[in-house]
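Shared chain: chain A. Partners: chain B in the first complex, chain C in the second.
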Partner chain A sequence: MRTRVAAALVTVLSLAAAAGEARADGDADDFKTSCANCHTIGGGRLVGPDLKDVEKRKDRAWLVGFVTDPTGVLASGDPYAQKLLAEANRVPMTPIAGMNAKRAGQLLDLVAAESKLEKSRFAGGAVPDRAFDAKNVPVGRDLYTGAAGLKGDGPACIGCHRVGDTGALGGGRLAPDLTDAVARLGGRKALSAWLSAPPTPTMKRLFPFEKALDPEREILPLVDFLQDAAARHAPSERAPARVAFVLLALGLAGALLVGMEIAWRRRFRGVRETLVKEPS
Partner chain B sequence: MDVRSQVSMVFHLDKCIGCHTCSIACKNIWTDRKGTEYMWWNNVETKPGTGYPTKWEDQEAYRGGWTLGPDGQLRLRSTDKRRTVTNIFHNPSMPSMDDYYEPWTYDYSNLFDAPEGADQPVARPVSMVTGEPIEVKAGPNWDDDLGGSPVYAANDPNLDALSPEQRLQMQSIERLVFFYLPRICNHCLNPSCVASCPSGALYKRGEDGIVLLDQTRCRGWRACVAACPYKKTYYNWQTGKSEKCILCFPRLETGQAPACFHSCVGRIRYLGVLLYDADKIPAVARSRDEDLIDAQRDMILDPHDPAVVEAALRNGIDPSVVDAAQRSPVYRFVKTWGIALPPHIEFRTLPMLFYVPPLLPVMSAKKDGAVRNASDDLFADVEDARAPIAYLARLLGAGNEGKVRAALRKQWAVRLHRRATTVGDVDRATADRALRETGCTAEEADEIYRLTALCTFEDRFVIPPMHREEAIEMLEDPHVWKQETGFGFRAGPKREF
Partner chain C sequence: MNATPLEVLLFGAAPYAALALFFVGTIVRYRTRPFTYSSLSTQFLENKRHFWAQVPFHYGVLTVLAGHLVAFLLPDAILWWNARPLRLYALEVTGLAAAALTLVGLVNIVVRRARHRMVRASTSAMDWVVYALLLVQVTSGMDLAVSKTWGSSWFASVVSPYLWSLAKFSPEPDRIAALPFVFKMHVVGLWAILGVFPFTRLVHVLVVPNPYLWRRPQVARWYGVRRQARA
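Right after this comes the complex of A and B.
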């Protein structure tokens, strides 16, 4: 009887332990997909600050509030949030879909636990990184323009973004200009990390985990290409491209109208109006 | 010889008083629906004038009808197989609402509901398109009785046949002339509307030649609107289908004259069957302009000729229809007497509506307070009539003045003959000479007189039995048809998008 109770107790305890472990694993996955693209724990700054011992810098209540609603806190003019924004080249923290106080607390627990370790598994070791390689620039350009397909069948960047004057009409206007993306996101490593799991809502849907970019063959050539583009295109020469685009559109529309006017020059134009307009 | 029957029409322009009763009768029966407000399947125009739609006769602008190509083949002015595809979403020869008119009604309720005030309440014109009050600027008979002559009458395309001097003379007060031209669909033998339709919705009915537009097949491309040189197909903006005069075929099938014919106050309208040789259509439509009238008359067959009757019966035309053709007033006006002429046959659609040209003899001017006739002879020669022959020839003779002159001379001889017989102010010798000159016998003159002036309902409308019970055999067993009539679903034409 007693052994049975003990066995039951052991089972319950081990189940609880397993549940705790499972929870910790879930949190780690959550951190990996929602946070690691911008933050490390003890690996230095990426787009966002290093989170090691973050609770020594700011209290948990504030942190939970900021993680659940970064846009709201930034809009409220909170001085510490403004300081963070300035440090991040004014790239604001992306709101995470489905974030709530409970989940934020669990993530902060994980950060606290990992901070105590000698070497956290989120120290940025998984982020692809190496020095600029000019040989890879054409590879990156092909990926950007869509000349070479992405492994995960994601859409080519040029459909929405533009980089300098690459492509027929300089690329899309739907999404931000990527010409200075390397500098804006805080360096090659930060950009690589960001690309490995893009956090913004649109990019997240286009490049979910199963369609993630290949670190060696896609992310690094793209970063090389973007770094090369930033070096070749000064910010001042980007504005005229937009004007040229509008002028080109107006010109084409005008040419089309002239063409229609020529093709249908003998069309019926109404006779009554011309009759009654004549001086009688 | 491929003998077919065609229900044809004659309008006697000398009898038309321009009362528009025909237009109203048609409007009340057929085009009082939403989307058809601007349509006048029957309209009456004042000539000289620009008509409805404005200047419809100017095919340089409207590009309706057929043209003879350099290879001697007929071509549609408005479209062809290639252009049907390239222009299918933009037909470059489409008249707009401005060329018809913006239909309007009046705010009659204001006459009753207006608050008491110093001014008499008025019924403002309200657009039937937008529902907003409008300032009316055009209408289907805007130039009625030479209204707005300096603009409308002066721009009549038929005046191109006249020299500038003649034009000026025609507008001078003692020569000032106008007559009325009632128009319906001509139910042509070579209809350009049928040829132009990309959907094959238009067809010419086999048994009586009435040109109809199938509302279930029409896709609203409006190619027929552009192609008809008489502008007698119209687009219904409510149903998204085109519509046209149906010659009141439901009335014809029950032995009644079409509404516009039935209601005609001046009794100007005649309706009857003509037998014609369909094999000749291509050759006739390709004749030279000056030969067109004769060619079309040649195509119309003598229903008394035994060979024609035999060929007609062999072709499935019922003996009762042949009998109607033998009594047809149209045959007599067009073929026997040769005084009815097709309008603008140079459009080469071979219209089967014929007009007896108007005699407009009396010419007088007011001088020193007294009215003086230009000639003491009330029936001076047709050459001296107010309407220049060249003008009438442009309208009714494809420029062939001889045909118009012959038709007018014969009418003139008939008048002299009847004057000599009943009044006696013209001596018999003059009347006989006039008859001789026009190759008309006294008996023929009396017949023309009787059918013109004393015609009864039965004389004017010789409606053939339509034999629908036989026509339906081509499609279905008549007994099955009879049993099924009234069952199933049938929805009116409407937009499906």
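Right after this comes the complex of A and C.
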């Protein structure tokens, strides 16, 4: 009987331990996909602040509220949130889909546990980083324009982003100008981390974990290309490119109208007009 | 980004309501009043401005719709084509030119209907609703094409998956929740047009005599009728 009770107890404890490990793994995966693109734990600042001992700087209730609804807290004018925004070159924290107080609490538990370690696994060691390499600029340009396809079949950047004067009519305007992305996001390493798991809603859909950019062959050449673009061009609206686009389209439309006039030049104009002329 | 309740309604539920109206409405109308399936052409009443209304409008709108359809059905083909900036620009310029033709035609349609007494008399309230919806749709589309370039690429990569989620009856409105307001207006405009479709002269799209596109012009002549009338 005692043996059976002891076996049952061991089983229950094992299951509880396994459940705890599974939750810890789940939280680590959540941090990796939702937070590590902008934050390290003990590895210094990326786009957002280093989270080591974050609860010594701000209380948990505030942190849970901010993680759950960063847009709302920023919009409320909260002074600490505004300070964080200023430190991040006014790049606001991206809301995380499905975030709630429970999940935020679990992530903060993970951050607290990792902060106690001499070196956290989220210290930023996995973020691709190296010095600027001019040889990679053309490689990055081809990835940007789509001339070279991305490994995960993600769409080329030019469809939504513009970069300096690349492309006769420039890049897309749906999303931000990337010419100053290296400086805006806080340096090469921060941009590399951001690109490794883009957090914005649209980018997250386009580049999910299984379609992540290749660190060596894609992220670093893109960062080189963007750094080179920033050095050579000031970000601009490139109004002439947009005007040229509109003028080309209007010119083509005008030519097509002329073509219609020519193609249907023998159409009836007068007979019907006379037949149905309104009484004066 | 999570879609708001309003976005879930507009981009998750409204499409199905619009499509249900479209299919049920067109089928019921065809079964009960088949001879109302017509464009109710007023060409015979006025033909000069009619040419500059109908011809640019139809060639323009068919080109634009074909572009949207290809980007929806074959997004990878569009992304492959756009992988060279010159090809991307050629596609975008062509698309915007087609939209401009559509707008030229639509403005001429509206002006003609408003200014010509006999044509105005044959214009129903639903016609004006259709023209208003089409004007909003064409201008919002052109605004997106110019202010949020390059639409062919981001349609293929962002909008097409959303439309496919609708087709698979697993709507994902959050896919487009982060897109600009004008784009959302454009999408809601589409549901509105599909919803009113069965109650308007737009039904002629479903019975379009396709050979009109390539057949030789038909010439109508009156032999002696006018002389007899004078006599």
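To be clear about the criterion, the second predicted complex is superposed on the first by the 234 of 280 C-alpha atoms of A that agree within 3 Å, B and C clash if a C-alpha of one lies under 4 Å from a C-alpha of the other, contacts with A are read in each partner's own complex, and residues count from 1 in each chain.
Heads up, the rule we're going with is that a residue touches a chain if its C-beta (ideal position, glycine included) is under 8 Å from a C-beta of that chain, and two chains touch if they have at least 3 such contacts.
Because the structure is a prediction, the values reported are computed rather than measured.
In the superposed model, A:Leu248 makes contact with chain C only, not with chain B. Look at A:Leu206: by the touch rule set out above, it reaches chain C but stays clear of chain B. Within the superposed three-chain model, A:Ala231 lies out of touch with both chain B and chain C [touch as defined at top].
Looking at the shared chain after the overlay, A:Pro155 reaches chain C, while chain B stays out of its contact range. Look at A:Phe268: by the touch rule set out above, it reaches both chain B and chain C. Contact with neither chain B nor chain C is seen for A:Leu117 once the two complexes are overlaid on the shared chain. By the touch criterion stated above, A:Gly98 is placed in contact with chain C alone, chain B being left untouched.
In the superposed three-chain model, the partner touching more residues of chain A is C, compared with the other of chain B and chain C.
Within chain A, the residues touched by chain B in the first complex and by chain C in the second are 264, 266-268, 271-273, 275-276, 278.
Of all residues in chain B, those touching chain A in their complex are 50, 53-55, 58, 61-63, 90, 92-96, 98-99, 137-138, 150-152, 155, 226. On chain C, the positions that touch chain A within their shared complex are 1-2, 44-48, 51, 55-56, 59, 76, 79, 82-86, 88-89, 92-94, 96-101, 104, 117-118, 146-150, 152-154, 156-158, 161, 174-175, 177-180, 217, 219-220, 222, 226.
Residues 264, 266-268, 270-273, 275-276, 278, 280 of chain A are the ones that touch chain B when the two sit in their complex. Taken in their complex, chain A has these residues touching chain C: 95, 97-98, 145-147, 149, 153-156, 158-160, 167-174, 200-202, 205-206, 242, 245-246, 248-250, 252-253, 256-257, 260, 264, 266-269, 271-273, 275-276, 278.
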